[in-house]
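Okay, so chain A shows up in both of these, paired with chain B first and chain C after.
Coming up: the complex of A and B.
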């Protein structure tokens, strides 16, 4: 009996619940991906799904492993920043689905400043932050003053920003390809400093961005949980009218929230493209998936900034791992399909949590109710 | 049919984690009787009704219809058994007509084509039979609250329900409409319908009910015949102690003018006219001034203008001689004005915040709760919350960390009152502070208002309840169509006289 009580108590902790539901979603996602592989071609399914899970561990050589681990981290940074952008606004009751657009704006600003104006990395990063923030502020102003739904205006702006970015970055395009020039060839000063991390990981793309991104996640958590600022923002997000009633500047708070969210997304773009790991293809006709995957990472991370760090890493891990699916047995799109399936399942974390809570409540009602007394009222509306 | 009972709920027990909402409750409704269900907020009335409608399954107990045990798994089962309910908040489609609303869900049709004419005849016949006067072709949004309620009653009758449940039906009605409703209920009873009347208004129960079942804190207290009891006895059964109906006030000591409103005009959100027209009034220290009137005559807009939620079209507001006409809400909050809002869910609370966070909603930025670096001092917030919870007897499942949404309405209101009064305001603006509260809680709120007055502060009370208007204030101002049309001394006036002014039948010149 005693054992059972402790078990239930642990399960009741929101943190534990988030962790368990995230893990369940991951396992379910992998399982469904496995089934899909089985259906397409049973012979390679098991090795392929194991390769997806292993990612860089697939390599036998430790230094290659480290290098690919580093590269997964490089790709984790922008995703983490986008996830934090989504999380921050979500905690304040706003769904910033404009994150991909703000990420685009950050890319545009960072690359243009780096390649065209030959700025150093610090101003490039700041410029990207400002670009993301400005774009998000449009959504914020519309929401605060005209009550335009942030999802609608956010999605619309995504596409506008994408084509604006394509048009602008054509000016710094490599003449012989569809990609922008590499920063290393044009303006080395715009590359993010590596502070020796590149040597540790044996990979030139590993930069200061990784530790900073983690620090930012921690800062976001502190702001939301511990500060007056977070208290105000969350109150505004949950109940705008009550925020107004108690004298908060509810309109300003909505705008500030989106500005911060956009700034995070813009920063994420700078942290990625200023490593030179990837160039922007000016012919692309879809908004980068980074912003949308940020939504999945937010939920997979249990809406917790620290959880988001691991969730972002996991998503990039399996996305990279998708590349190791045996392509002699499967078509090349399978890589994306597998990671998409798993990411999709990540969105079910909240559902899992609710499901789990209901289970706990039911078993509680059965086993423990006799121990409670009725000193208190309430708890049932 | 060998039992006199239409519906019986026997030994119902319903438990939630941390609470037993219904503890062995028995309720037997006789055929053709009006049976009142009386209890404070959180006594378990709503849970019991949810069990009856199959929204919750009880752990123990049985439900019998005409003596036969039945299993109710969802509201459809209840409907099939002929049980219908008029909810406190009507479930009507605003832009549909009365007739459309009545037939909604049971539309008479031939091969999918609506046969409204038939339904209209039936509805007209029903409304004649029971004295439920309502125009079947009027749109819900255009008719009065009383007519909307009659539409709800017709909905039940149209479905040929035999057991009618009224959930606090008088909360939204004017005194005249309440009398009409009582008559309607008697008519229904005369036609053999069985009525379950959920209420905490003792006078109404005494007037209309045959028997009354009392719940307290989830427990069954007893069933009494109203003819053999008194309102006083009912209330002590409900609250568990004697309730003081008489409000004790110290002799008045009038002080300086605290609030001075001159020529306030506020625009309306729903129509082009101004909702508040050129209103002037003064409230002095040591008095309770009550703004009375029928709902929707500009009281809400007046308060919004006063507290800064809405801008003024013209006029000035002075608090302790200081002009605050254009001051932001925060400034008003910190310079001596407290506001118990009309809508506690919309304005008064952040429902998904914990109780403790709600208790510092207007003070969180003070140095006591926020360090210079902007960090919240959670220990201090907790201390304050614990103190207020104790002082104001705010009950909740888990104390300071309870999510406000999980608290009962009465305790939510207590939390707001605790927060507002703890600021020790010079002016307390209390808008319908007892709405939806039970006798015990009402007594508590009134005592708080009078304590403010007796300690030399000013109170502006906005109320729709005539009993409250007569008992609590020192001065009554009647508002009609955005203007103040009468000023009264509650000791020298009657409810009838006030009613005439509230309905716009009479008016006098009032100088602030």
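Coming up: the complex of A and C.
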């Protein structure tokens, strides 16, 4: 054989396959949502779905666009952290659906420390991380030592934490509304530093949280892909018993994974609520959607930390875009519908990849036959 | 006291129905984490039925029709799980979670769209059913007997009979324990799993409509069903996937859930002066403790959660 097959099919790369699958999920999700809008009221469906996609581009003047782009980024940060939390545990074979609860715990800790104890921003952030990590460690211990399904214990803790947070934050509530006090009026030292980013975006809520969140995503990727620690965690996820046999501490690994995952979720809460962008409503009857949307971002990002950055941004982009649908005809929950659809469709990603691989195999096989015939003839001469 | 019993029974009914649903699905080999979403959709189906059916229909048929609506929507919705988990071998945890989110989001969008269409100023996601609700209730003195309590009892007995005394039930359980072996003796594993999931859809839908009829006479669909689908899964695990034990477990969970509605009526509980938050948390805390105590020797169907692949050994 003189000539090796040098033809590299771009479709063979797992990254490309993930990207294509994710794009298919997005397009199908948007398309189904569009059909739902059409059924509800055909007259404004197209403009509304376009407004969801446009989000801040809906504004005509550039400074408003920049401002709302900044605000979308502010809300992307907690989503990204929640998505990384889900991703980190999923890579280790654990589905941390307790992320919304850990996010909630982080919120409770950060806001209570900032408003009641008047702490500075650094201890507030650390306290939120500890709160999220502690809550997740309960799930971890239950899973590792008592074989409790992490999905169910996670959900139960979500509800417990929600009630606890509402009760606790009532102490720092604004007497005239259902929201907590704004940090700016009580304790400016607890606000995250802005290092001039607020000037760039012309929006006072843009803080160092945005660059730090991206750095954390990169760190998570390095830990998972390039370190022995990450390798051991992943090995535990793939086969607990094999990991134990190889001398890894499989029980400790499960707990550590959930602690890190919970810490990320708690950090996300601090990164959001310490910007003062939104206050906690103590009458809230469900855990924040942030954690659940994090699941969508994780799978949409193809279970890759860098992909997750873009996926989180996309989910937040359309969620914010939900405000621009024609509210006299439709409800803004249409964007929740889109993210839920996207998660559902992500369930089919494995199938799509198998399908793509089968197609490649088929075309390769054809090629092989051709190459073989050519070489064969060459041999005769 | 009577009120406590009444609420215990009705919440236990919800939990029994949904947990039995989970039981059928898991015995066939598919983990149904989407029960919460299925409950929401079933509740939506039933509530829409109550909104549009003429109130003049005689009680028995009225109840039957509402139940049929709930079951129908539940079954249709659960087929989303079946097709993904069985035919496309999707990750059952992801799909189940997606169904939960999709259920609440879709129900909210649908109800809001209908409310806004009826009255442009109404952007709520509430469906009211004050009159229809009365048809489901019979008073014995001050005790509100809800027909669902009887229906649940019948279904419980039926589920036990189907699972243990019929060919279908035993085949279903075989598919959850060892699908390859079941296949080798000519049982169609895919078909069995489909039936398991669809039955869970029907029972989940029934549980959903039962839940929204339990205490109130209007429902805000944005709220979903407050984690009841997951409580039912905890009940199922505590009940070790056996209908009779599930019923006992459901009574216990129903009691704690009822307590959070009625603790104000007890002098000694009020005297403790605990914040109401504690009572709200109680069912969830109890379920974690119970799971911690019972999960070690789990009797879960062995092949649950694993997509069936004919070529695999």
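Annotations for the structure displayed:
Assume the second predicted complex is superposed on the first by the 321 of 381 C-alpha atoms of A that agree within 3 Å, B and C clash if a C-alpha of one lies under 4 Å from a C-alpha of the other, contacts with A are read in each partner's own complex, and residues count from 1 in each chain.
In the analysis below, a contact is a pair of C-beta atoms (placed from the backbone, for glycine too) under 8 Å apart; a residue touches a chain by one contact, two chains touch by 3 or more.
Note that the structure is predicted; figures quoted are calculated from it, not measured.
Of the two partner chains, chain C is the only one touched by A:151; chain B is not. By the document's definition of touching, of the two partners only chain B reaches A:361; chain C does not.
Considering which of chain B and chain C touches more of chain A, the answer is C. Judged by the touch definition given at the top, the superposed model places A:238 against chain B, while chain C stays out of reach. When the two structures are aligned on the shared chain, A:339 is found in touch with chain C, with no touch to chain B. Contacts of A:348 after superposition on the shared chain: chain C is touched, whereas chain B is not.
Shared interface residues of chain A (contacting chain B in one complex, chain C in the other): none. Chain A makes touch with chain B in their complex at residues 226-229, 231-232, 234-235, 238-239, 241-248, 361, 364-365, 368-369, 372-374, 376-381.
Remark: chain C residues 33, 80, 84-85, 88-91, 93-95, 97-99, 101-102, 104-106, 108-109, 112-113, 116-117, 120, 123, 125, 222-224, 226-227, 230, 233-234, 237, 275, 277, 280-281, 284-285, 287-288, 291-293, 295-296, 298 touch chain A in the complex. Note for the complex: chain A touches chain C at residues 36, 40-41, 95, 97, 142, 146-149, 151-153, 155-160, 163-164, 166-167, 285-286, 292, 295-296, 299, 327-331, 333-334, 336-337, 339-341, 343-344, 346-348, 350-351. The touching residues of chain B, counted against chain A in their complex, run 15-21, 23, 41-43, 46-47, 59, 217-219, 307, 309, 328-334, 339, 341, 346-353, 357, 361-362, 364-365, 369-370, 374-376, 378, 395-397, 402, 405-409, 411.
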